[in-house]
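Here come two complexes built around chain A, the first alongside chain B, the second alongside chain C.
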Partner chain A sequence: MFASFRHSMTWLHTWAGLVLGYVLVVVFFFGTLSVFDREIDRWAIPQTRFAPQPMPSFDTMLRPVLERIRPEPADLAAARERAGGALPALTPVEWTAYTTHRDPVLLLYTEFALGKDPAEPDAVLYGHATIDPRDGRLLPGDPLKLGSEFFYPMHIGLHLTWHDVGYWIVGLSALAMLCALVSGVVIHRRLFREFFTFRPRKHVQRSTLDLHNLTGVAALPFHFFFALSGLTIFAGMYFPVSETLLKPQAQVAQAAEARARGLPARAAGVAAPLASVDAMVAEARRRWAARGMPGEVGMVQVEHVGDRDSVVAVYRAGSDRVALLGQAIHFEATTGRVLHEEPPATAVTGVNDFLTGLHLQQFHHWLLRWLYVAGGLAGCACIVTGFLFFVEKRKRQHARAGVGGARWADAMAVATVTGMLVATTAMLVANRLLPEALAGRNDWQQRAFWGAWLLAFVHAAWRSRPLRQAQPSPAWREQCIAVAALAWTAVALNAATTGDHLLRTLAQGYWPVAGVDLALLIAGACAAGVAARLRGRRRAPQLEGHHA
Partner chain B sequence: MPEALLQALAMLSSLCGMGWLALAMEEHWRQVRGAGVPPAARLRALAAVAIAASLALCLAADHPSIAVLVWIMSLVAAVLSVAFALAARPRWLAWLVPASR
Partner chain C sequence: MSRRAAIVSRVLAAVAGGWLFAWGFVVLCLALGRRAGLSWADAQTLAWLLVFGVYVTTACWSFCAARAARVWLVLVGGGLLMTGAGWGLMAAPT
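Right, the complex of A and B next:
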């Protein structure tokens, strides 16, 4: 089919890159935003703009809230529909409290079991609550956390929740990314000689390819390990053998592992009271300190809530390591006796923890966070220049032949790339403009996001006509102007509606909000700069055209 | 803050290392110096020392698992910075080779 290996790799790189590149650039961009998801949350929810808090007292503060949590109404309705009427009794089976060094508010989860059907041990429902750990009060109105509850799910699953199809598309794209990286290295003719090469003053096709190669090769380790670890994190979803083919074996293995650790795998079915969890937390901290690694509590989990065989697990926050959580100490919930202290990770779990941790990054390291942003933006630049190169290489030929290929590839690129920026900034503007008391405020913010993106698609398609004469589409420039206007508006609205303008946040050193504002100002300036340059270029090619 | 200082020095070492690696190539040497031939072997040796120093500084600042990530990402940032400097303001890199003929 192909004359050489290099030809076949070129074909793979071009088409896998183009088709899944539209998904990949979305994944890369929202992944980049997710590096600062908690900070975006603070920007979007002004009442949570205070310092991160340590895990509060479980006995006096968390337990009463956990006992009041009910399942999500939508999930409850769906379960009722599945059951065809009344639901069996709902019993809480697991309580979780999770925090990181960047969280002022605390997230609590309760897992409920539906009835006691042994054939369906996994029929569960979830409920959650966000509290202010300073006074234990619930966050009023359960506002949408724009960073961790909208941009982050966009990164991992595109908000396509039907049969988890979004996760599968993102996984396929990560696989395509790995293919594109390998094939890209194969087809690159001068990888070492042009390692530092970017020639912005050469013709567009050359300088686009330079930038594509530079951002791809320079950040190759970042691209490779993030695509790979993204896949391994969800390996259990892509190969759900322990839930399907090998389910009985998996359950036996789970029970054996629990026995080996002295932990009960199942509830005894006998009610028993819970001892002081605060005392267990104090004991866990004492043991970590004795091991030479004192630390904060990252997660507290109570399994088989209210049962005689209930277990409390206290996990150490991995702020100073790459691995997320670890060094768990398991206690007998009724007495507070230590059942099991997790030994140091084996080589295999160590590698897995490292891959997961480097991707999910809950560590305390602002420099590394910013370096990740640089890597993510390099990835975006690499994919976008890939689109531009594809179009630039074909547009004249397609215009002459009257084929629409380059035109639609370009329109899709505008709609995806600048359209995504328009949607994101529009959502931030909506977040500050919509009245606090509005019913369904969370939904309206999401509608603003999707609505703005849809408009960007229509606009990109409508303005793509000049490609028929191999001229650049004005949509790039126009959407850049929209991005600049929206980004700057968001900063102004934040100052107007909350009073936390940059002078104040910088003076107070409140970086979560100052950082988002500064990033928006810079992003707006970049978009305006690009728009200005494209305006200059719009005239130049016409002169070129006369000569040709 | 000694950690922040170590990290800053690590970033600087990575930048110098990648800068010297680029300058060891004739094309980039001419962009920066205008003419001549680079002392390639010496520049590459210098680059290797700087990149190793960067790793040592990262390891001194953080837990090894984090240090490795910081080191690799600092090299990524350094390559991009050097390439953009060569494209826009190549003379800015002249300070890396002040005394060479």
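Right, the complex of A and C next:
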């Protein structure tokens, strides 16, 4: 089909990059925001602006809350519909408490069994609660955590939850990213020389390609490992062999391995009380310290709640290492006797834990966290300059031939790139403007996000007409102005509604909110600067024409 | 075959054919890992760590191979063959 190997790779790079690039740039941008998801949560939920807390007492604080958690109302209603009326009694089968060194509030989850077979996916319901660990009270109104409950799910699944289709689209894009990296290296044979080449004063097509190569190559290892580890994290969803084809073999093997570790594979079906979990946590900490790695508790999990064969697993927080959680110690829940202390990871698990931890970065290292942001933004710049190059290369030819290709590629680029910035900043503004007492406040913030994005799409399509004469679309400049205005408004509204203006947060050294405010100010300044430059360019189209 | 149909065929082969090939690779890798004495979790994780390298390679190859028919044959045939081989190894008593 193609004349040569390089031709085929150029085709793959161009078209996989263009078509899936629109998804990819969204994944990169919201992934970049997710690096500081907890800090965005603090900005968006002012009553949680206090210092991170260690895991509180399970026996006195967490257990009473866990016992009160009910399944999510929407899931419960759906389950009722599936069952055609009344449901059997809901029994909690698993309790989880999870925290990191950046969490002032604590998340608790309960898993409920509906039917007899807990392996059936439809037979499980989940409930959650967020508490203030200083007094154990529920967070009033269960406010949406914009960072960890909206931008992060956007990064991993685009909020397309129907049959997990969002995860598949993101996975396909990550695969396309890897293909684009491979084919990109093939196309750009003079990689090393191009890496040191940036000619910002040359014409647009040349300088966008220089910037595309620079950002692509400078962050190549970052892009490669993030696309790859993102895929391996969800490999179980893309290749569920142990749940389908090999399910019987998997169950036998896993039960045997659990027995070898001294852990019951399933509940006994006999009720029995839970011993003190605090004592188990203390014992886990003692054992970690004895192994030369004292640390905080990251996760406490109770499996088969209330059963004779219930197990409590205490996981160490991985704040001081790349691997996420680990060194779990499993206790018999009824007695507090240690059943199993996880040995050091095998080579395979170690590599996987490292890759996963590298991607999810829950470790304590602020400089590295900022480098992640730089890598993520370099990825965005690489994809966006790819769009621009695609359009610049074709727009004159398409305009002459009367074809809409370059026009719609450009309009899509505006709608995705500046559109997602408009949506994000509009959501932050809505977060500060909507009254606290408003019913469905969480939903309204999400409507602000999607509504703003939809407007950006319509605007980008409407303003794309000049591309027909190979002229730049004014939508880029206009949406940049909108981003600057919204970003600065969000900072002003935060100061006005919470009193935590930059002078105060900087003086107090309260970086979660100061950092988000500063980032918004800088993002706004960048958007305003781009708008100003585009204005200058619009004034001198003739000049550029002479050069071309 | 028109150029458009040829492109659709290559894209489908890269995505769907590649997925089937990768699925077969996971099954076979898991079975071989078990035969080599790895735990279920380790054998499965090993397959997951390797499979995306395989998938990317087959995806790129789907576009640069001379003949689309060969791409389809290798990806679908190889995928089914590896799935069968892995399943056979797994089902056989060890």
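Keep in mind that, in the parts below, the second predicted complex is superposed on the first by the 535 of 548 C-alpha atoms of A that agree within 3 Å, B and C clash if a C-alpha of one lies under 4 Å from a C-alpha of the other, contacts with A are read in each partner's own complex, and residues count from 1 in each chain.
Basically, a residue touches a chain if its C-beta (ideal position, glycine included) is under 8 Å from a C-beta of that chain, and two chains touch if they have at least 3 such contacts.
Everything numeric in this text was worked out from a predicted model, so none of it was measured.
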{"item": "Room on chain A for both chain B and chain C (clash or fit)", "value": "fit"}
{"item": "Which superposed partner A:Trp444 touches (first chain B, second chain C, both, neither)", "value": "neither"}
{"item": "Touching partner for A:Phe29 - first (chain B), second (chain C), both, neither", "value": "neither"}
{"item": "Three-chain overlay, vertex chain A: chain B-chain C angle, C-alpha, nearest 10 degrees", "value": "90"}
{"item": "Which superposed partner A:Leu228 touches (first chain B, second chain C, both, neither)", "value": "second"}
{"item": "First (chain B), second (chain C), both or neither touched by A:Ala218", "value": "first"}
{"item": "Which superposed partner A:Ala374 touches (first chain B, second chain C, both, neither)", "value": "first"}
{"item": "Partner chain(s) touched by A:Trp288 [first = chain B, second = chain C, both, neither]", "value": "neither"}
{"item": "Chain B versus chain C as contact partner of A:His365, first or second or both or neither", "value": "first"}
{"item": "After fitting on chain A: smallest Cα gap, chain B-chain C, Å", "value": "18"}
{"item": "On chain A, positions contacted by chain B and by chain C", "value": "none"}
{"item": "Contacting residues of chain A [partner chain B, same complex]", "value": "193, 195-200, 214-215, 218-219, 221-222, 320-323, 354, 357-358, 363, 365, 367-368, 371-372, 374-375, 378"}
{"item": "Contact set on chain C toward chain A in their complex", "value": "3, 6-7, 10, 15, 19, 22-23, 26-27, 30, 34, 38-42, 44-49, 51-52, 55-56, 59-60, 63-64, 68, 83, 87, 90-91"}
{"item": "Parts of chain A lying in touch with chain C, wherever the complex brings them together", "value": "1-2, 5, 8-9, 11-12, 172, 175, 178-179, 182-183, 228, 231-232, 235-236, 238-239, 241-242, 245-246, 249-250, 253-254, 257, 346, 348-349, 351-352, 355"}
{"item": "Chain B residues touching chain A - in the complex, by the definition given at the top", "value": "7, 11, 18, 21-22, 25, 27-28, 62-63, 65-66, 69-70, 72-74, 76-77, 79-80, 82-84, 86-88"}
